[in-house]
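Structure provided below as structure tokens; questions to follow.
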Amino acid sequence: MAEIRSLRDAVAELVHSGDTVAMEGFTHLIPFAAAHEVIRQGVTDLTLVRMTPDVIYDQLIGMGAARKLVFSWGGNPGVGSLHRFRDAVENGWPRPLELDEHSHAGMANRYVAGASRLPFAVLRGYRGSDLPSRSETISTVVCPFTGEELAAVAAINPDVTVIHAQRADREGNVQLWGLVGVQKEAALAASRVLVTVEEIVDDLTPAPGAVVLPSWAVDAVAVAPNGAHPSYAAGYTVRDNDFYQAWDAISRDRDTFLGWMRETVLAAS
Amino acid sequence: MTWTPDELMTVNAARALAGARTCFVGIGLPSAAANLARRTIEPGLVLIYESGTLGSKPSRLPLSIGDGELADTADAVVSVPEIFNYWLQAGRIDVGFLGAAQVDRYANVNTTVIDRGPGRPEGRLPGAGGAPEIAASCGKVFLVLRHSTRNLVGTLDFVTTVGHGDGPGSRERLGLPGAGPVAVITDLGIMRPDPVTAELTLTDVHPGVSPEQAVAATGWPLAVAADLRVTDQPTEAELTALRRLT
Amino acid sequence: MAEIRSLRDAVAELVHSGDTVAMEGFTHLIPFAAAHEVIRQGVTDLTLVRMTPDVIYDQLIGMGAARKLVFSWGGNPGVGSLHRFRDAVENGWPRPLELDEHSHAGMANRYVAGASRLPFAVLRGYRGSDLPSRSETISTVVCPFTGEELAAVAAINPDVTVIHAQRADREGNVQLWGLVGVQKEAALAASRVLVTVEEIVDDLTPAPGAVVLPSWAVDAVAVAPNGAHPSYAAGYTVRDNDFYQAWDAISRDRDTFLGWMRETVLAAS
Amino acid sequence: MTWTPDELMTVNAARALAGARTCFVGIGLPSAAANLARRTIEPGLVLIYESGTLGSKPSRLPLSIGDGELADTADAVVSVPEIFNYWLQAGRIDVGFLGAAQVDRYANVNTTVIDRGPGRPEGRLPGAGGAPEIAASCGKVFLVLRHSTRNLVGTLDFVTTVGHGDGPGSRERLGLPGAGPVAVITDLGIMRPDPVTAELTLTDVHPGVSPEQAVAATGWPLAVAADLRVTDQPTEAELTALRRLT
């Protein structure tokens, strides 16, 4: 059963240095508040998993919290490069970053296999691409009925998955809606699940398109209003597109980045 | 009215969607073109974004593929695994519309890394995203990018996404179900695979562009079609609709 | 794009003798009205696919419309046997019935593979069971990463899938909710899709838990109010449990069954 | 109060759910027992039905696994593929509760066909349903069925669902993750696998039942535990709750 805890306590208990951590949310519901708490607590040597690293992992990578990144598209959506990600990969700053790189279809299916507790998933993908030459988690299987060769991707089973949702009830049942992305799969693939929410409510009234994660599939729920900012929570906040655009300048220079992180993230609590 | 080269590119990309029913939309230039098509030549076009929206009808151009309006205006919102498995892989999408960092003469695409020469670390690009499977499974594919020798190269540094592989028959040998790239739309003109060699050939230039300009901006000896056409000027309606979008 | 048609025309166009037909709906939203139209039109030699054959296939089988059944649980839920199904299998009446028999997990994954246009699906299933000895659509694959042997099941891709839904709009977009079962997968796995609905509405207002099938993934929509009876459509009708219990007596005897079908199904239009 | 043998069976089946958090519920006797447990010994028990409901709280016993109330009262409703792949196969369910037509001494189950002798066609049973994977993947499994030599047989006519296979170590060799059947609850008593031989052994009889009755109603030489217990009489609260359910 999920316990309702402070974000600080939940991160301290569930996210450990050296863990494989997935913070999911496909553009929507990205758990920035939890990532900032991870940075503040000095958790490090993480293997970060996420389809779209986005600004959230740019920050973790730039602060040196990651040793490896598992991903499929590493840009600032609609804006340009993730400069901290590029600096880590190209120049090893602040530390080298190992990569395991997939396509979106491959990553999505890796989470599906993880949620299903299968060791791999099958897709018609990667054909002719150089991607398999750089990844040990892409292989092939042959259909026993037709003889067709298909791509196989290894399951992802994070030590901990962190997601943001609109709300939870007092039992810890979690409800999210809008673009639901791959959050259910990422949560169910993990050994431990931390969910930040906009608010705790008495009753989860049914909502169109809502996904409910029952309390017994979640370890901790922490209230973090606007906890997806600069991403958003449909029905509560809107995407701060200006911030995404401003991030380009903030993150381009190492010192500017570090100054911003110190003032905005490390100084907070 | 006057127009910019980028507007020329986007207007022509939108026109390419005439007759399409469903379009899997990459972010950036493809999204601008697909949304413009919905407002001009193909009002019933079903826009599908990899964030899981089927039939989005945004009023303004979304900055990202996950802007709230894409979900709010969609006929259906599904999970990311579902959009890739049940909708894209299943071959339900007519057109895939992709941007690209590097494209070679067979319309193969690199969005992964740039070789910056000996002793220098690779330059990092965003990566594959949905492109490998979009290019594999959509009925046909349009690429849209700016025309320069930096973007249109003799040899890709990395093959992220297969267009026509190493030439005729390549897609069949690889088992790629869709027809692959049928046009590369740039700010100078349009290149299409030659029916025999599958090599990208300049078939159209935009008004005011010479074929020599396009050849000079291409990183391989670009063939020019015997019946080279000039694309129609953007209409006032097209330009107005495009400028309202952004 | 889906055309809105009469049930008679839709069945005449989409369901042909010799077809592989899936009529899905897991207890809820079972397309009885469409099945009755299939019987009235004398469509025959069908390969019927359905996880739970239920009374709907008991009727089709008893009327001799099927040559083969692909299924995972063939009972009258909560009541007992499907007598027409048993009579066909045990005694070949009114004609022999070939079987391809799976578990629910296997059937569900066969539809998933079909909807994904993959030739097979992988699951951890059938281990130690005698089921694989009687089916050519169960095999094994080996995980290329871990070496674990897993079950593989062949995709199901019906010629036509028939489902019942609560409603559609005038464009033919379909909306269903409540127990959504395996209907989306069954529809997307098929070459042709026929949906009967309780009603056509101007707008599909979003509903909690609703699945929407866009018009361009459907071939025909036909209005059939109470078209799931004795099954039900949540929000419109309730399950007629009395009928399910009465079916035991109706179906136990061949002549009683035939008389009931003549009076209730064949005489209707 | 007096009670019927079926009530004894259901009450004892419900008691077996003490301490369970989540239960995958087969229809019929298992559903009665699981719903009774929610009203008596384990009010927080999460009921999961293969029709896709997580946390159903029906006020009356559903006739089928798809009655509307199961969805209306659930914490979440998911698709049938999801319930089997993400919830059952993933090992998230503590207890699987199954009925059965034939059970052998190793608690293997046949729900497929009955051999009716030479020259006669097989008798047809409903088939596997969810049972093979429920028995494989749940933390542990309870079986509930009426006690007779017809149901408890020396040799199954068909192995639909593996319990303990051919004895100790069988589940490990087959790669079945859960502990398998830990009790078979009947209208005469309870059988449990012997810790050493894995063979079902009579560990409990219901009040008023002799071990000889149970042995006589079993199709193999049923071992009787040295410390044979008698189950507690159904309480008034249990019987009242059960009768209200139906």
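Observations, loosely collected:
As written, the chain order gives the labels A, B, C and D, with residue 1 at the start of each chain.
Throughout what follows, a residue touches a chain if its C-beta (ideal position, glycine included) is under 8 Å from a C-beta of that chain, and two chains touch if they have at least 3 such contacts.
Nothing here was measured: the structure is a model prediction, and the numbers come from that model.
Considering every other chain in turn, the ones in contact with both subunit B and subunit C prove to be A. When the C-beta pairs in contact are tallied for A-D and for C-D, the bigger tally goes to C-D. Of all chains, the one whose CA centroid is most distant from that of subunit D is B. Measuring from the averaged C-alpha position of subunit A to that of subunit C gives a distance of 38 Å. In whole angstrom, the spacing between the mean C-alpha positions of subunit C and subunit D is 28.
If you average the Cα atoms of subunit B and of subunit D, the two centres end up 57 Å apart. Contacts with at least two other chains are made by residues 116-118, 123-124, 148, 184-185, 209 of subunit A.
Under the contact definition stated at the top, the residues of subunit B that touch 2 or more other chains are 85, 89. Judged by the touch criterion defined above, the protein chains form a pattern that is neither an open path, a ring nor a star, and not fully connected either.
Screening every pair of chains for touch gives A-B, A-C, A-D, B-C, C-D. On subunit A, the positions that touch subunit C within their shared complex are 116-124, 137, 139-146, 148, 150, 152, 154, 206-210. Looking at the complex, you find that subunit A touches subunit B at residues 26-28, 51-52, 71-75, 77-79, 81-82, 85-86, 89-91, 101-105, 108-109, 111-112, 123-131, 148-149, 178-182, 184-185, 209, 231-232, 234, 238-239, 241, 244-245.
Partner subunit B is touched in their complex by these residues of subunit C: 115-118, 173, 184-185, 188, 211-214, 216-217.
By the touch criterion stated above, subunit B contacts subunit A in their complex at residues 27-28, 50-53, 62-68, 70-72, 77, 79-81, 84-85, 88-89, 112, 121-124, 126-133, 136-137, 158-162, 165, 170, 174-177.
Contact residues of subunit B toward subunit C in the complex are 21-22, 46, 54-55, 75-76, 85-86, 89-92.
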